[in-house]
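Should a chain be cited, it is by its letter among A, B, C, D, E, F, G and H, assigned in written order, with residues numbered from 1 in that chain.
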């Protein structure tokens, strides 16, 4: 069996994020969860909790009002399990 | 033979007319002709030369830009010829 | 609800509100029943309060597509029986200039509030200024006179708005209500009077068909719909309202009368407040928000032993030249704290021969008492 | 066709044209390559000539939907490398006020022609006036300085337009060209110069990326498309153009610099003409069309033995206060013939302590020589 | 020398003045021309003044006219009193009745003539120019013809010159 | 007595000042309240000043603050120097770090507390009001509660009062 | 013999100052007929207008209360009038430059609001009063005093635009179709919401002569020969419709009138106990 | 890790001053993607804007030559820019109040002229920056700070209006349809004439909370649930379409661009012998 690994990386720029939850709510597979603690600017930022669910649909990156979500699609690293 | 007489009266208010010829040109039966002489304001006013041709269509009255044409439709006076 | 019912509910109430809101309440007391406006900081609060309250007195608030439409609708309403007003700030006030001239020319009673913010252009939109004092006088093209008032506190914003409507009716002229963003946005205590204690100048409407634009210095008005088929125009007109755009005499007669009705009543329209002017050697002249720290400074300077007097202008236009001339003769120096680079100080220069010192501050922050004290002290010490 | 080819065809030509047209030709000589406008009597002739001639110098005439759009397009063009202008009269000038402030605030070189007609409001649209002299100074909201010029003949309308463009480039400020309907519509002889004899002040464009809004009193410009990604705003801004709409210092620094660049060059900008002032006892001050019969009157009074001097203002704003102050000390009376109810006479009052007499005439007809002679004689005889 | 042309808009009143003014300049004089009209493009009364002098012109408003040209009754009524004593009145006899007004006056049927000779009432003003010049000899005819060619559309130039020459011949 | 409330827009900074000012008036004092904010409705720094005096207030701009309330780091940095010697600093400890700044200071986790106790960060400002009043006893609590009821939407009045009372109890 | 309809005019200033053959006079004429036939008392009419030749139809000629405003602002002023005088017929007659040029924003916003104004826009394709500068309705390529080399801009289709803005009654007719125009004017006046007619009208002086039609009658013949009924245009290509006058009714919609909405709010407060 | 697209922004002033969840940020984000994907050098872009929150997308955030004008006048200023710089992408981004309220006239006239501007109107249904007053796009009955008893006016359908005015490319999308919006922005920028996109966008602070949608995400869900493809609306009744967001392409027409017409005239004079 061959598995794709680290296909997608997700970054949240905490310095930009304003905790609007849009990425959390609109990611269909539900990749993000809300952080537990306020960041220094008073927001609960999203945490990409289930990276492996990510389909790479790019919605979160495109819709984030702060350009705070970065989806990196790396070349496929396939490994034999 | 019965003829309708004086069915329609046509008046031109020379004090208002500006000699634009619109009534002359748009009257289909050609009731009006142009006067020979300038009036005191420098215009050749129309003269209803062939009253009997008038169909009473009212176009001249409605379209005259100076409200200078008056079409009076009297009760029909029929006379036997 | 009738206006009376509404006002009886307000009577004797104490509120902690902004100058903008007090101005709006003043308008409601004055009988304003029409407001057309367009949002702009720091004047939007006037509109918002009118939108909420006008329906309660069977009046109408409408928001137009821009300030030009707003003043237009306001003038249309005034000729249709409305006591009407609009409110804006610098950018909108600039846009209204053409039709301010129209209101002068047609002798339309109405009130235009300009809550002055820091300009020119968009400037610092949320910060206060007194930068439109001369624009209020000269902003529209052609020769004209103007009535403009400027309150120094929230309570006065209320009180003076009544006066603004009364003057507009009495002189059949637009009145500019020159709030500054400072007084407009401060919250202070206001107490509403009993409507019966308030003096309302009714519109002078003629039942008969008369000349609405001449025949006397301030002719009566007629309202649309009275059946008099009047003709109102911003073009030069005869006393019956009909255009005469070619004869020199018609223009001369009309425009001189329009100017004269204000100019010849200058002293009657002019309102001001005097303090310590009997024994003064120096005079401070101020108005609006600046008058607050100015008065504070005068008190402080008096404590320090300086013989300083104070003139607070309430009426800005027509300019209170009589008192300024008179006071100017008594002093060596006049100091004029203003939130601009010196506007009213220029007007003062026309009437006095002593030295006139603008005490200018711009950038949206009111003078402090100490700043004014310092400026005056350092000048006075030179002698 | 290149501008040079075009102008070489005009060189040494004598034409019998209106002041409006001469102003337009002046603009073409000055290198104007963009005109945006909206028709209005008595300024339409400027537009009509530009519409015809601009394509010949590869320039652009556009007619916009109103005057606000016209001045907007003009400012946009100026930042895009255009030498741009617009022309209007009172009503349109009032509408332009907001964006005149924008042009001041953004230090946009451009020329705004106001061919003054009889106001306020629509007034007498086809008749001449000088009623917008103070509006040109104070029409837009907020503190600002202004440059304004006023020609007295058709030839001067041409010559001074060159100056207007040069001043706008030199000081990076809008320049108001205050024609009056009289000079604008008179036809007189004009002779066009050789382009090589004409002095054109080039736009000060920086090739490098620099601060375009500060750092020096009159910073260089940058043109859109140079790759410097500049930010131009009518809000208060720092020297790099970025908004700072909260700090008092930013506003104070910017606005004082904008005022200072004009104010401190007052004497350099100020142009005027003096006659018979050496031995005078009375002074006549006038400008624009009024200066013609005024000079005629001075000549006539001199013939009669009165010691009258004459100051013709060419620059209106900044006001020529230095010479006025100086001359004011020499005389007992100053007479100011103007086609308004006394506007420049008010400004004169600020700087002199002698009596200032407006010689006002409104209603669209220029003063006659005898009218001025009469006014002056009857005043002078009182003494 | 002050000359005033008056009439309705659309009669070429202003053009007459412009042509005359430029002709004066071609003759080496100073001239200014001013005009005024009602606020509609056509209907109202309209006047055009030309001041011609040898020296620089300070006076912008003629204080009295040496010549008055009238192409309409209202214009005549309005301006007749501006004529100086010994001034000359020219008018279109079809359009203006001078009744008891006393002056040195000259008239022709310019408008009717124009319509009948040249098919357009518009040429009346040029016929009148010719007539005036034949009576006054103010400016030499060549200068006026040159000026006409300068100011009328080239396709109508010849007709206008003919109209002018017709006017010169009238009595 | 000058009090300055500061933070981001949207944190109820201005409301705090208004409530405080009106409470002072209910206590028979003179008060003026002024506010300033950046030009966007929310993002920017925002401040609200309340001046309370027994006499008429001529000074419109506080020349130093007796109390500074800080709900954001930028606001704190910007305004900390306006605090008078011996002035009191109140701040939200989740949002502001005061580091080496020396003053009499008091802090609570107002925002986190509000979210966790009342489900909305919005109540932080009212919790802070309670906290301030418990420390300073400037105005009697009844007047503040009356003022709160006056200024918050009635359906949130009780929650706000609870928030206020929670703040009063904090240490 | 005098025209009886002169009773609707301010007769002391007749004849009009319009040029000979100008369509403005025809609009005035038909409007008088309409008022007469609808038996509207002119005391119940408030005319509002702007600046331009067309604006002179009401100001000064038609004898009713008349508000002659600044250029382009008639509809804005009329809005204030209508709010305070909802029971009057508030009628705006003005030109293409005035209403669709400088005043275009007020036009579309009033249409959106559906305020009960009746607006007759006299489209003569030019700025007439100022002597023939290009207007937003001047057809492409036409030379005018400010487009000496031909107009570089396409023209507005005003009726279509006003319809898209939301007006409840919209039509276009020319001064040639006098009977249709008369009927449409009646419909417009009787409609409760915002009613708009674009009236294509001749201007021999400032427009006609530019396009080879020196006299008013020439343009009228053009209207006659080149008008096409809106209903017949379905499926026609843009090129076929070029230089045609598409006439007919463009919109008739049932929408509540703006000032009624305002009064409904006020009525709520009638019942509030004091 | 930083977003590579930040290179298109003036980063020293980030984070933006937009409220949390504001759609303006999304528009900015997608616009950066578009510029990147089209490989446009920002030096070839001139951004022009007015006053309002939406106007802050270009001013100050997007890093290109930027002309931040007065309220409502962006398109007028941009007209002058485009005439002098016809080879640049002149792009206007501003709000509903700015472009369709006070600036409505410039909008329709620019559309008529078909001048080669690209205009993105961010319709948040409110005057956001001034704190939530009714705008010409606020739906009827919605309460705002200046319509406390509900909006008495119907809303503009801006895309439809601009199409009627003559624009050569017109579309409407919401901030939810990020891919469609991205594609449309590309089409608009590449189209030569006047291109216009109405972007329905959330404003939680000044609008959403008034209609029970306190957070940006609430309005996005509304966009998601209530958008309907223009192509599917044929035959649907007005009532069915109420409160729906009709999205899609409204116009795509081949018309000559305005500044090209101007240059064609100038070219004629190139050949004139001196």
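Note that in this section a contact is a pair of C-beta atoms (placed from the backbone, for glycine too) under 8 Å apart; a residue touches a chain by one contact, two chains touch by 3 or more.
Please read these numbers as outputs of a predicted model, since none were measured by experiment.
*Asks:* Between chain D and chain E, how many steps is the shortest route if every step has to go to a touching chain?
*Replies:* The fewest touching-chain steps linking chain D to chain E number 1.
*Asks:* Between chain pairs B-G and C-H, which one is joined by a greater number of C-beta pairs in contact?
*Replies:* Greater number of contacting C-beta pairs: B-G.
*Asks:* I'd like the Å distance between the centres of chain B and chain H, where a centre is the mean of that chain's Cα atoms.
*Replies:* The answer is 59 Å.
*Asks:* Mind checking the centre-to-centre distance between chain D and chain G? Centres are C-alpha means, answer in whole Å.
*Replies:* 39
*Asks:* In angstrom, rounded to a whole number, how far apart do the mean CA points of chain B and chain D lie?
*Replies:* Each chain's C-alpha centroid was found; their separation is 57 Å.
*Asks:* Which residues does chain D have that touch at least 2 chains other than itself?
*Replies:* 55, 65-66, 68, 91, 98, 102, 121-122, 125-127, 233-235, 243, 245-246, 364-365, in rising order.
*Asks:* Tell me, which residues of chain E touch at least two other chains?
*Replies:* 36, 38-39, 44
*Asks:* Two or more other chains in contact with one residue: find those residues in chain G.
*Replies:* As it turns out, chain G has residues touching two or more other chains at 15-16, 18-20, 70, 102, 104-105, 109, 131, 136, 149, 262, 265, 268.
*Asks:* Which chain H residues qualify as touching chain C in the complex?
*Replies:* Residues in contact with chain C: 51, 70-72, 101-102, 104, 127, 130-131, 133-134, 136, 145-149.
*Asks:* What residues of chain C sit close enough to touch chain H in their complex?
*Replies:* Contact set of chain C toward chain H: 38-41, 44, 47-48, 51-52, 55, 61, 63, 65-67, 91, 121-122.
*Asks:* In their complex, what parts of chain D are in touch with chain E?
*Replies:* 14, 16, 125-127, 182, 185-189, 289, 292-293, 295-296, 299, 364-370
*Asks:* Please name which positions on chain H make contact with chain A in the complex.
*Replies:* Spelled out, the residues of chain H in touch with chain A are 1-6, 9, 14-16, 18-26, 28-30, 32-33, 175-176, 178-179, 182, 215-217, 220-221.
*Asks:* Any idea which chain C residues touch chain G in the complex?
*Replies:* The contact residues of chain C facing chain G are 1, 5, 8-9, 34, 36, 55-56, 58-60, 62, 64-66, 68-70, 72-82, 84, 98-99, 102, 224-235, 242-243.
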